[in-house]
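Listed after this line are the structures, all set down as structure tokens.
Across the two complexes that follow, chain A remains constant while its partner is chain B and subsequently chain C.
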Partner chain A sequence: MKRTIAEIAKSVEKQGVRKTILDGLVDYENQSKNLNFSTFYDKNKVEEQIAELEKRLQAGEDLPLAGVTVGVKDNIQIKGWPTSCASNMLKGYISSFDADVIEKLKVAGAIFIAKLNMDEFAMGSSTEHSCFGVVKNPADTSRVAGGSSGGSAAAVASGALDVSLGSDTGGSIRQPAAFCGVYGFKPSYGTVSRHGLVSYGSSLDQIGPITNNINDIMVLHSIMSGYDDRDSTSIASQYKQIHKPVYCLLDEASLEGCDKDIIENYQSWANKIKENFETKTINLDFLKDSIAIYYLIATAEVSSNLAKFDGVRYGNRATEFEGYEDLVVKSRTNGFGSEVKRRIILGNFVLSAGYSDKYYKRAKQIRVLFKEKLQTILGENGILLTPTSPTPAFKIGENTGDPMKMYLSDLYTVFLNLVGFPGVSIPSSYNKTKLPLGLQFVSNHLTDDFLLKSVSELETKCISGGK
Partner chain B sequence: MQNLLQKYKPTIGIEIHCQLATKTKLFCRCARETSSELEPNQHTCEVCLGLPGALPRINEHAVWQAIRFATAAKSSVSKQSFFMRKQYFYPDLPKGYQITQLTHPIGMGGSIELPSGGSVLLDRVQIEEDAGKILHKGKSSLVDLNRAGTPLIEIVSAPDMHSIDEALEYVKTVYRLVRFHKISDANMEKGNFRMDLNISLSPVNSKELGVRCEIKNVNSFRFAEKAINYEMLRQFQILEENQKIKQQTRGYDPDSDTTFPMRDKEDAHDYRYFDDPDLPVLDCGSQLKMDLDLEVDPIEAEKNLIKAGLNQETTTYFTESKANFNYLKECQKNLKNSKNLGKLAAFFMTEIKSNKEQDQNLEIFELFDPSKLAEIFNLVDGGVLSSKTAKKAADLYYKNKGLAILDIAKANGLIQVQDESKIKEVIQDVLDKNPKQLEEYRAGKTKLKGFFVGQIMKVSSGNFSPSLVQKILDKLLNA
Partner chain C sequence: MKNKFDIERLAKLSRIELTPEETTKFQPELERFLEFAKCMDKYDLKEEVADSVTDNTLPFNKDQHVVSLDHHQVLKSESHCSQNYFKLPRVVKK
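Our next item is the complex of A and B:
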């Protein structure tokens, strides 16, 4: 059942929070079984939260998210819940603290239904790299739901949950949202605390919402964002009031390599936008390098971030070993999956003596240039329109043997994480085989509110009568 | 050693790891203080245990302490410095990397002035976190992370020392500096102050440095002396046999006073340093505006106190900590005749500090009010108290703190009699009562003067001004 946060609030008023939540969950178990989007679900935990929620409502608390069912990507921690990161390395690990976003959502009255499937440690674009198995796309179960937040997108797209949380390091919220036909938002770097998110690429990671409409994105982002002193990269920002966006549309060259359906859909939206708003045409050829830069930086950071998983204190631990080194080698060898190992090895390589200057440091320098360049293109009020992904959802197993092809599908998403800008993917249309097609809107750093408001306004104007 | 020094010039560089005196750890709010009474892993949280999803946040006080050291060591403080990850696997290293500094440390360059003259150049001062500890029990090893994440500064000297004495003077001076300014507790038994010693020998006429060996984690000055000595002789022997020194990391064994190889250069880790993406550039602007509380330089202060007439032991005591130094300064402020500072300090050492050992746990200011101590010496200076009655007055004051020294002296008859006629009367009486001795004295047995002085002191309970007694007694004896 698909419903908006506003509708849920009305339902709570009418029929109480318990019924509202249970109504929302009618489809949950069935869908979860069909699509494999969940890694952990416990009815008792849901019951406990409903009881607690009823007490708080009775006490007169103002709970804007009361009744909203929330799914949480399994790399965001809820105290007392398992956090597996869809890895054998962490299977059975119970979190000892709440992520900052979980604290904030709890205060607002949200209840958490399930931990959601993902690519192992958020590395992947298809949720095929999960120790819990692949997530299926609700639009076509022979296809992937995208990744790494595939479970989060599939759960919302199927109507099993009202909203979900994902994490986005190179497109991991926006691409699965596009593949499944839902809304996915990656906020500006620093606006949402990473405290409690298991790090992949620390300088790239952001937590963001996946929903069925743009308004819910705005509601959730206003609750989830805000300064947190437990994350030193957190920013206390006052969003500037900006009016009148100028839409930056891609020239033909910048769409090279996209599926025909994707290009057609893009052009039709571009035309609608031209009719209603001020636009300019730009070239984003330099984006091609962003894939290489992204994989240099992300793998360097993750090779370091995953070093804590050594089998000594928690997580997967080899049963038989001789000495410390053997313990570490064995625990990591059988704990991590192949994609994770590939990126750890790559990251160690780019940071190693003699190569660091050539690869990692140069990547960091180019990253700075990217930011300057994009800032110049966008200016204060520019909003860039791109396809979210060059293709719609692909078949399960289609790309697993070809990591480079998989990496290239991140073309329109990774640059955003490199520069820290906000981006939202919206479902824009379907192709002939009824696969959802996503469009991505991007604006300058710390203009998140402006971006979301503009996209909301654009939807109203360009889709006559709404959806 | 003599042979060695004729042919080779030793070069020594030292890295000192010094735990900063802060309430909490470097990147979390766990208590820093570790003691043997703690349960293992009692002072830990998600950050210092390296749990997934936990992020570091800098302890501003630790940064302030590091800046204080850098400033005291004339190191140039970088307004913006970076934290980096030094990556290696070890059971006591929970994150798989240590957060430290490398390319942009908090302090660049600097020098430590040595009390004997000369100075040692510093390469840099960097902030970093300490690792935990491993306890070996039978076949298994247990990890205790109470110490993990405690703040350290690493003070890296240039290869700028050329003798054992110089190296020892350097580490002791750094030790005094950090203790005086309370930058560190520098408790060596607790491992709060550890030294890595880099030693090489080069032929006397060569400008190039020899191949160095690093002796890790030496935690006492005596061990440092022995380790350097052993290492120099070991390298000397190798060179004399025309062999090459292998660049090595070595350990020191205090039981045999020798060093032993830990790993060769070829086995050295590739630490894969990179900027920690969880920590933004460290902006020290606000700390630099704060009071660094470094007005007094203990080495300079020591020189001045020696000049003021204090002996070495007393000077060392009063420059050991800022409290001790401030105490003496407070005494000095109340002292009417500054020439008496040496006497006052010596009096404090013998009559107050060492006599009141049972109260050693008292803060120096609680031990004896400095203005009262100065008052005693002002009274001695004015002839009101003698050095003997001064001790009594001090004792009595110690038992009845709060009273005025003069009142104590008056109430207990400690005031020196200055009245010449009264003194003369008493002396005459003593002479009259001892006619035999007086006769012998006047017949030339002048040694008997001491006998009369003793008698006079007895009668007067030592309250007569000694100089007046001398003057009047001489006059009457020779009348």
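Our next item is the complex of A and C:
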């Protein structure tokens, strides 16, 4: 059942919060079994929260998210719940604190239903790298749901949950949202606290919402964002006030390599936008290079962030070992999957003596260049339109044998994490085989409100058939 | 250097053991990526390096005592604990 937050609020008023929540979950277990989007679901925890919510509403608390069923990507901590990051390294680990976003959503009355499946430690673009198995796309179960927030996207797209949280380091909210036909938002870097998010790339990660409509993205973002002194990169979200957008449309060269349906869909939307708004045509010549820069920085950061998983204080510990060093090596070897190992090794190379200046330092310098380029393109009020992904959802197993092919599928998403600007993917259409096609809108840093309001207005004016 | 990507040395640095099959598989994959990363050579660079994508200077934490997590709460779910300590093999040999 697909519902908006506004519809849920009306339902709570009319028939109470318990019935509203249980109505929303009527098909949850079947969907979860078919699509494999859940890593943890406990009816008792749901019941405890419903009881608590009823007390709070009776006490007269204003709870804007009362009745809204929320799924949480399994790398975001909820106190007392498992946080596995879809890895054998953390299978069975129970969180001892709430992430900042969870605290904020609890205050607003949200009810958490499940932890959601993902690529291991958020490394992947298909949710095929999970110790819990692959997540299937609700639009076509022979295809991937995208990644790494595949579980979050599939749960919302199937109607099993109202909204979900994902994390986005290189497109991990936007791409699965596009593949599954839902909305996914990566906020400006620093505006949503990373306290309680298990780190992948600390200068790239952001938590964001996945929903069935743009208004719910706005509601959730307004609740989740805000300064948190527990995250040293957190900034107070003082969004710049801008009114009239200029849409930046890609030239032909910037669409090279995309699937034919993706290009046709893009051109169709570009034409509608030209009829209704001011536009300019631009070239993004750094897109392909941004993939190299992203993977150099992300793997360097993750090799450091995952060094803490050593089998000593938490997580998987090897059962047979000789001495401390062997304990650490065997725990990590048994705990991590192949994609994680690949990225840790690359990251350690990038940071190693004799190579860190050539690769890591240079990548960070180029990152500055990309940010300046994009700022120049966008100016004060520019909104860039790109496909979210060069292809629709691919078949399960199609890309797992070729990591480079998988990395290249991040063509339109990784640059945004490098520069820290906000981006939202919307479901724009379907191809001939009914696979969802996503479009991404990007604006300057700290223009999140402007971006979301503009996209909402644009949708109203330019909505295409097939949605 | 004939082979700059010494995967066995890097696996040791990463504290991960690779199987022979993984070593055979990873070596060409990672070398292919490094070939792809040569695209960086064409850029004319400034000295400036972005450690943070925002314009903010990352703040130091205040030098003050703050309440941390409850030890009992944190340790109770861990099986390798005894009397508030994590148990592990001797690090410094006798």
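Going forward, the second predicted complex is superposed on the first by the 463 of 467 C-alpha atoms of A that agree within 3 Å, B and C clash if a C-alpha of one lies under 4 Å from a C-alpha of the other, contacts with A are read in each partner's own complex, and residues count from 1 in each chain.
Just so we're on the same page, contacts are C-beta pairs under 8 Å (C-beta built on N, C-alpha and C of every residue); 3 or more make two chains touch, one makes a residue touch a chain.
Just so we're clear, the structure is a prediction, and the values are computed from it rather than from any experiment.
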item	value
Touched partner set for A:Val328, first chain B, second chain C, both or neither	both
First (chain B), second (chain C), both or neither touched by A:Ser338	second
Partner chain in contact with A:Lys14 - chain B first, chain C second, else both or neither	neither
When both partners are placed on the shared chain, which of chain B and chain C touches more of chain A	C
Touching partner for A:Asp310 - first (chain B), second (chain C), both, neither	both
Touched partner set for A:Lys288, first chain B, second chain C, both or neither	second
Which superposed partner A:Asn348 touches (first chain B, second chain C, both, neither)	both
Which of chain B and chain C A:Phe97 touches, first, second, both or neither	both
Chain B versus chain C as contact partner of A:His243, first or second or both or neither	neither
Touching partner for A:Ser232 - first (chain B), second (chain C), both, neither	both
Contacts on chain A seen with chain B and repeated with chain C across the two complexes	93, 96-97, 203, 232-233, 303, 307, 310, 312-314, 324-325, 328, 348, 352
Residues of chain B touching chain A in the complex	46, 49-58, 85, 87, 89-91, 94-97, 141, 143, 270, 272-274, 277-280
Residue numbers on chain A that touch chain C, as the complex places them	93-94, 96-97, 189-190, 203, 232-233, 235, 288-289, 291-293, 295-296, 303, 307, 310, 312-314, 317, 321, 323-325, 327-330, 332-333, 336, 338, 341-342, 344-346, 348-349, 352, 355, 359, 361-369, 371, 403-404, 407, 418-420, 445
Residue numbers on chain A that touch chain B, as the complex places them	76-77, 83, 85, 90, 93, 95-97, 99, 194-199, 201-203, 229-233, 300-301, 303-304, 306-310, 312-314, 324-325, 328, 348, 351-353, 356, 360
Complex contact set, residues of chain C against chain A	4-5, 7, 10-11, 13-18, 22, 26, 29-30, 32-33, 36-37, 39-40, 43, 45-54, 56, 58-59, 61, 69-70, 73-74, 77-78, 80, 86, 88-91
